[in-house]
Amino acid sequence: MTDWLTPAEWAAVALSLKVGLWAIACSLPLAIGTALILARGRFPGLQLLNGLVHLPLILPPVVTGYLLLLTFGRRAPVGAFLYDVLDITLAFRWTGAALAAAIMAFPLMVRAIRLAIESVDPRLEQAAGTLGASRLWVFLTITLPLIAPGIIAGAILGFAKAMGEFGATITFVSNIPGQTQTLPSAIYAFLQVPGGEASAMKLVLVSVALSMAALLASELLARRATRRRQA
Amino acid sequence: MSISVDITHDFGGFQLRAAFEAGEGVTAIFGRSGSGKTTIINAVAGLLKPQAGRITVNGSPLFDSAARIDMPTHKRRVGYVFQDARLFPHLTVLQNLRYGARFHRRPTLPQDDIIQMLGLAPLLSRHPTALSGGEKQRVAIGRALLSAPDLLLMDEPLAALDTARKDEILPYLERLRDTAGLPILYVSHAMTEVARLANTLVLLENGAVRRAGPLADLLSDPDLAPLIGLRDTGAVLTARVTTHHPDGLTELACSGGALLLPRVQAAPGSPLRVRIHAHEIMLSLTAPTGISALNVLPVTVEQVRMGDGPGAIVRLRCGQEHLLARVTRRSATAMGLVPGLPCHAIVKSVSVAQGDVGALHSTA
Amino acid sequence: GNVTVFAAASLKTALEQVATQWQAETGHTVTLSFAGSSALARQIEAGAPADIFLSANPGWMDHLAAKGLIRNDSRVDLLGNALVLIGPARDAPMTLSDLPARLGNGPLAMALIDAVPAGIYGKEALMSLGLWAAIQDRVAQTDNVRAALALVALGEAPLGITYHSDALAEPRVAVLATFPADSHPPITYPAALTSDSASPQAAAFLAYLQSPEASAILGHAGFVPLTELQ
Amino acid sequence: MSISVDITHDFGGFQLRAAFEAGEGVTAIFGRSGSGKTTIINAVAGLLKPQAGRITVNGSPLFDSAARIDMPTHKRRVGYVFQDARLFPHLTVLQNLRYGARFHRRPTLPQDDIIQMLGLAPLLSRHPTALSGGEKQRVAIGRALLSAPDLLLMDEPLAALDTARKDEILPYLERLRDTAGLPILYVSHAMTEVARLANTLVLLENGAVRRAGPLADLLSDPDLAPLIGLRDTGAVLTARVTTHHPDGLTELACSGGALLLPRVQAAPGSPLRVRIHAHEIMLSLTAPTGISALNVLPVTVEQVRMGDGPGAIVRLRCGQEHLLARVTRRSATAMGLVPGLPCHAIVKSVSVAQGDVGALHSTA
Amino acid sequence: MTDWLTPAEWAAVALSLKVGLWAIACSLPLAIGTALILARGRFPGLQLLNGLVHLPLILPPVVTGYLLLLTFGRRAPVGAFLYDVLDITLAFRWTGAALAAAIMAFPLMVRAIRLAIESVDPRLEQAAGTLGASRLWVFLTITLPLIAPGIIAGAILGFAKAMGEFGATITFVSNIPGQTQTLPSAIYAFLQVPGGEASAMKLVLVSVALSMAALLASELLARRATRRRQA
């Protein structure tokens, strides 16, 4: 079993999972916040924010990767700041891969969550308000549970995207085994040399199996979140 | 405790111009469907921002368009029983009931009492989708009561409930009004509930306040009968329990004489209010004998208001208070009813419903 | 010690073998990061932890050199390659001038003619052979040589232009003709140490890449070793 | 036209075991909150699949668990007025009303009449969110009526409406029942509506049918008074209009004598049903004089049922029919009421509400 | 103005729009159907279908392109069938680019629409049933209008993705100017040569501008669809 994949390939599997999970875990709260602003906010720059969120979807991934490199590279302004002040290195680390995955997944997460927020009945939130709940508390106890299926959908879309994302990642953090070589980068590298298809397909199967497991888990979770409400 | 509302709001097609003051106790808002009742209490709850005006509770403003004050809903400490129940679908009945508990300053109302009164015990672990219409409404009432509000807003809270259940809940609302001193804005189409609970009545017609004032005054005004509905017209008397008779009747003293009613759950000495429907009073020129009605009160005709139809409403002086009686014009003529004429008002004991006898708050 | 090499993706198989051998000989480790030359060059510009850059074309190496990001004295043209016309495995060899006719209506698979080195060289070659005008409407460009190879291997394109090294490893295609070396600019894979490199073993590995042992592996893979250290 | 329901369904905690037959006209399902009323009509509509049983209309099954028949909802041709209005939020009021029109075989009911009766004209272009609670319910009624159903299911359709509006809608439902011959399953807590509309009454208690049968039989059964509610107890008389008097009174003939009621909108000769509340009948041993009540009917005591409380229910023979009267036990004793005793039932003209006088279908 | 972009670039712009619009227009009904099945269906293979729909998200785009080539290529079974029987050519044609874009966008569209379907109150559909509407008619007149915001969200996500998709497209249909050279391919090409960044950024701006316009339009549409319901 362990022979089936090389150590480098195992490392890529582990890294992909790590990158995917961290990317989703860290960006989910931000995605929820952004979705909330887009769904409920009423201010002039709203559509600008909306556009910005969609950008990673619109841009070819290579461009996104390049822009990330220009922004978060070690020599780039934000990257240097993060490194010098906060001691965070993104470039050429798995953290950078997670950032790239998170950014590529972000529009998908935000849309799913935003749709869920927009279908919450505001009269329930009003009712919670009359019972004394502040807006934050209403959000935590009413809105959030009601949009749980949307959040789960967003998270799984994001995770799947993170598992498949390659263009932005390889452009931003390169393809360093054990550090930044995710499954898709490894697959890509195999596909660059003649005769690499078989090895590539093996990794594709691993990637698909992992994502399918996550997908099934998310469906069960979402169903439980909904069933409770309709039992 | 006093609430003052003076707001205007325009829905495009519907204009609300509502101004009234409400003192202690229950203020009933009564009006036809679409007359603006829900709009008013939404404004009080802060769910609707009126285009202009002021809403104050005890003089401090919840809303004041001139001063740009608009207190957020959750700071207004209102408990709101919505016309549609609006339960939280993802929470169980118990969790719905306890939702407001977190924000209590004081848990005035024992949770178990409320659960028992509303018959919710077997439902506590269910989710709202598994409840019947009336059950939902009962949970909604419980949820609002348990949030320990400073002001209770109730929008037709009992419309979905059967008479027996209503009769169980009404005394509870009276207790809230009288002992907890909780002011209540109460929307209802059912004059029975209104007459029993309200201290102040606001009669709404087409978005405008037609009359607002103490309940007894408005109910004994024959001119308002068409607005209230002929069938619902009837004055309230204040009375005091004197004796509980062994055959199950309770004797009350009111300023115009004694009343015998089916068992009233109140200790001797308690003040009560008794609503007597205008159509349930029979007038007789002589004291009748050999009849099944036990109550014969000496009264004097004060006013005879002939309507457009075959009926007439007679305002009667009964001790210090007033009664309204509805009779046919034919009888009025036959009996020669004119102001100043002394006669007898006959009221069957059993025609005064349990629901029409209510506890009386001292200030009412 | 560890040496990190940023290398063009087409070198993957061969370079991995070289690295394994060097690791066995010296006990030092080599980390290989494969991607497009453009991406790697930009990453080095952005401060990537690379010790050696192995580009698929001189352009990006020149670009880094101009910015002072490589040690010019370490730069060598490590490998060369030949440009070949490929077709399905059973096809007979042909002369290049028959290309338009053999192509028929089918597409000619090439890498991007303005962007990817193999495509750029291919276009040059076709132009200098006077064939470009005849077939330019039928060129199907891919983002890398491998994809062009795949189009021919799958039978989607009757003919394609790739490097000799690519054609060699794919059993479903045959080399039908080789473009004369003077029909296009020389195909070179330059290598150099980066200015930021701090690895003491980097120079050693760069030297090893030019050793007979490495040359044997690379040559076997279809590349043309250009420098052999004695 | 007959409906037969015989179903069982288990909700875990609540068991429904409902079996009843309903003939022509209106079948009222009456029971406390949570007794299973909505569950039954959901099953008839095909929105709930009972665990076992049969539902047939005119003998042909809508549902039959044994025969594995379960006709889809849209083929059952039921019009359903839901307890919650369930309007389509993306359609205007008019579009909501016309939604079922597409599936008409015959447009029995003139759309404009319904819009006018329900007072919907000013609301037609609005969306449901801009309606008040009662307005929504009115649209829901109109929508069901306009779908030209073969069977109408109404779940507390008038609970959210004021008395005046109810009085406008009830005659319309009578017309549907009598002229369109539309069978109606009618859920209500309000006995006034039930007594006026229903031909058949199904009394539900805790998921089980306690009694089902012709309305008049059940209403004149003193034993059912506790279930119906004392306040709502009262028999119905059938009568025929004889004269409209110039002073606005209408004279009716029933088998026990003449009745004078405030103007009834029905041509001379029309059959009517008149509900007389038990608590509104006064009994007198002698024919009284000089009183405001115009109706004095000679009756004979048939049964005196003493309750647990201070009251008694007296079943009276009145011509071919029965009346129920509620008196205090004290009066019953004082007057010596025993079966066979002749006496006089006094009914005030005005105490018979408009809502208690209804058109009578010939089969009722 | 016309000088600002070369004729080849203008062609790429036009092609990208054509590809994006056709991809969405043709796949939207299928996406709605699939979402409906996933939201409401109850049969054993459901999760398999669910996984299949997500596949293009999980796989690196190059792999998707390669699989497309294996399936829809001229020599491939499905591709040959389409060509011989229906006279449809996908390989090396804009139609193939549209297919690739549609497949890449599909999971995004399906998720958005599915979320919307799941938040429709089934009691409204029941009410329509009691009024005599068949299930199909209920779907057309009740469900569909109620999920309009979700459909619009799905379409715009899909369109944005189609505008940015490059890996699968170039692998499947390669890059034939005027035929299959979409904006992302052109952008990629510029990024491959030193000094090509400026030209690439010009095209990026065009692509972003187009997508933003579509995004704004979709927001207005969605708002109108919702406002009518709450006015």
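The chains carry the letters A, B, C, D and E, assigned in the order they are written, with residues numbered from 1 in each.
Here, a residue touches a chain if its C-beta (ideal position, glycine included) is under 8 Å from a C-beta of that chain, and two chains touch if they have at least 3 such contacts.
This structure is a prediction, so every number in the text was calculated from the model and none was measured.
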Under the touch definition above, the chains in contact with both chain C and chain D are E
Which chains are joined by the largest number of contacting C-beta pairs? B-D
Most remote chain relative to chain A, going by C-alpha centroids? D
Roughly how many whole angstrom separate the Cα centroids of chain A and chain B? 57
Centroid distance [mean C-alpha coordinates] between chain E and chain B, Å: 60
Distance between the centres, which are taken as Cα means, of chain C and chain A, whole angstrom: 34
Quick check: what residues of chain D touch more than one other chain, meaning two or more? 84, 130
For chain A, what residues touch not just one other chain but two or more? 62, 66, 188, 191
Each of the following residues of chain C touches two or more other chains, namely none
Tell me, which pairs of chains are in touch? A-B, A-C, A-E, B-D, C-E, D-E
Which residues of chain D touch chain B in the complex? 11, 13, 31-34, 37-39, 83-84, 122, 126, 130, 132-135, 138, 155-156, 159-165, 189, 229-232, 245, 247-249, 260, 262-263, 278-280, 282-286, 288-294, 309-311, 325-332, 335, 346, 348-351, 353-355
Residues of chain A touching chain C in the complex: 62, 65-66, 69-70, 73-76, 91-92, 170-171, 174-181, 185, 188-196
Would you tell me which residues of chain A are touching chain B in their complex? 123-124, 126-135, 137-138, 141-142, 145-146, 228-231
Per the contact definition, I'd like the list of chain A residues that touch chain E in the complex. 47, 50-51, 54-55, 57-63, 66, 107-108, 111-112, 114-116, 118-119, 149-150, 153, 157, 160-161, 163-167, 184, 187-188, 191, 200, 204, 207-208, 211-212, 215-216, 219, 226
Using the touch definition up top, name the residues of chain C that touch chain A in the complex. 4, 6, 9-10, 12-13, 31-35, 39-40, 42-43, 45-49, 144, 146, 149, 166-170
